[in-house]
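By letter and in written order, the chains are A, B, C, D, E and F; residue numbering begins at 1 in each of them.
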């Protein structure tokens, strides 16, 4: 289904292989998912994406589970099937319970609803909200 | 700038006034923001929106600050200026620090980036991600 | 605020002027709104857009008010402020009552909400829905 | 393909079963489509969604077929495959003819086109359009 | 998977057949892709779409390959799987190299990222950018 | 209008100042636009965004003007007013003529239109387009 074939480990350039090695070490699993196998056609893009993702999703002022749920929410709003699947799986692996998932869905739906109604009404921003 | 004028307290129908009373009581402030003043033209839609929002954003398995940040993330992805402003203000009021906000922006940007690249590549969903 | 200045009647090329004449005749008003004054920088694009819009929005199996409401709904979903304003005004001019507008907003909000939740859940299409 | 398995009738909680009973009674068919079978994992979200959908899509100032076509238009703009399929099927069941469908497609396409061009030009809203 | 069956050559109305003949002559291939076979249910929409596409995508101030890459970029941003596939194939047929494709993906991703962050920050447009 | 105040040169942290110095040197102008003044609240995000932008937009297999036009196209599709303004200005500074701009608008509009119609029709991807 993709616009490029997915690269197997045997097809990787040395630069792409180095990124795959880091992904495996960081995630402590041998499994490397299809996104990286598609990106591997362009080792520079693969490297830049992985390097940035690793920083952005690391523990910080927000914990990694919150970050994954934010990722799911944005991916749903942007209609990215692949990303919804992969980050929902990651969120579960990081501890998202069924109750948390249900509330995530409810917020995503509520936000989409009021976003649409506000945009249809073209409501003017309150002075109180502006920095 | 809106498609309807914003209603002042004096313009409200009794049904709309009752909702405004609840908003004020729940939020413990006299201030009612423009969204509700636009929605008040249709008291049934106002009532349904408020009743649902109150439930969805209440404390649960996710805490209210996480819910507000999810709301900001979806609103940014959907391009709703008003909602970005109002929910960013709410998130700050609920304790979002500058560090948390910076990380929220970084995740929103990262997700949008990979959403776009994955969609451009039409990467096939891994079997491992499907329920 | 635009990326091009709005052209006044005195600035129009003959090709653009001819389109403005048709807009005025069709709508039976001297007023030509900003969209056409921005498009007028490119008379070929202006002509193609007006010619197609006239056909698409004409009475047919759907009446013009339904078409305007569909236009508002799509414009809200796409986050186009200008289009929301202009087509909401057109819908009112064609007879959209406050009750109809309230129901339009409710459907737009409901659709946005379930769109987001379905996308987050990645629900598989029922065989019964496929042609 | 979903992020959750679809629940069969035997898997339902009593709260979810009650909603399914209402869906069957309202629609006068035994068939309950996949959306509800995915939502049924969270009976509260299922209940809130069904209760609201029933109100929003009921006959009112707009007839149910117009509402379904609005739903299709928003779902297409939001890129929700499932929703496009399910609401196109519903619109046909409520009487949408091939001619009406062709005109719906034409309006959706025209709106998307002008939305994109207006947004690219950042056309300023006419004073005449503001409430 | 579509909402309408794809029409084979034997199913075409005379008006649709005439458009197919033009597509084949213009593209110098017997192959007519699924988009046109779905649109063929509405010969007027088929005709209008083909006539406009032919003009828009013709060589001009921008060369056809640049136009195809713009089409891919917009289609990815709008989440249209079909369009991403068909226009990526067209761009390759018109000479898009692997290096060009990698850079296209990088720009699409970068733009999506900064679009999201700017929207989240609601940055005010610089006076210097306004026409 | 933003969610954060824009930082003047006097407000910058040393890390942010270093990025501003690079922006000025690279662009050969003293002017630093609002996007960077908003991002400067988070020097790490500012640094990461600038470093990546510089690489992505540099001359390569695609020339910088084509990259700017792709950026405009994606920004319009994503509804980012600020980005549309800033990258349209950049494209003009890099040589985009009125004719090129008109064709860019025409492609963006055409793509948005067919994206919407294809999504509404849920056309199945041709085998011929899949890698």
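The definition used in the following text is that contacts are C-beta pairs under 8 Å (C-beta built on N, C-alpha and C of every residue); 3 or more make two chains touch, one makes a residue touch a chain.
Here the structure is a predicted model, which is why all the values come from computation and not from measurement.
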{"item": "Partner chains shared by chain A and chain F (touch criterion as defined above)", "value": "B, C, D, E"}
{"item": "Equivalent-chain rotation between chain D and chain C, CA atoms, steps of 5 degrees", "value": "180"}
{"item": "Homomeric contact chain B-chain D: same or different residue positions, threshold half", "value": "same"}
{"item": "Chain separated most widely from chain D, comparing mean CA positions", "value": "F"}
{"item": "Candidate from C-F, E-F or A-F with the same interface as D-E, over half of contact pairs in common", "value": "C-F"}
{"item": "Centroid spacing, where centroids are CA-atom means, of chain D and chain F in whole angstrom", "value": "34"}
{"item": "Geometric centre distance via CA averages, chain E-chain C, whole Å", "value": "21"}
{"item": "Inter-centroid spacing, chain F versus chain B (mean Cα positions, whole Å)", "value": "26"}
{"item": "Residues of chain B whose C-beta touches two or more other chains", "value": "1-4, 45, 48-49, 52, 73-74, 76-81, 84-85, 88-89, 102, 104-106, 108-117, 119-122, 125, 130"}
{"item": "Contact set on chain B toward chain D in their complex", "value": "1-5, 48, 52, 55, 125, 130-131"}
{"item": "Chain A-facing residues of chain B, complex", "value": "1-4, 6, 31, 33-35, 38-39, 45, 49, 52-53, 56-57, 60-62, 66-67, 69-71, 73-83, 85-89, 97, 99-100, 102-104, 106-108, 110-126, 128-130"}
{"item": "Partner chain E, residues of chain D touching it in the complex", "value": "79, 84-85, 88-89, 98, 101-102, 105-106, 109, 116"}
{"item": "Sites on chain D touched by chain F in the complex", "value": "72-73, 76-77, 79, 81, 84-85, 88, 104-105, 108-117, 119-122"}
{"item": "Complex contacts: residues of chain C adjacent to chain F", "value": "3, 41-42, 44-45, 48-49, 74, 78-80"}
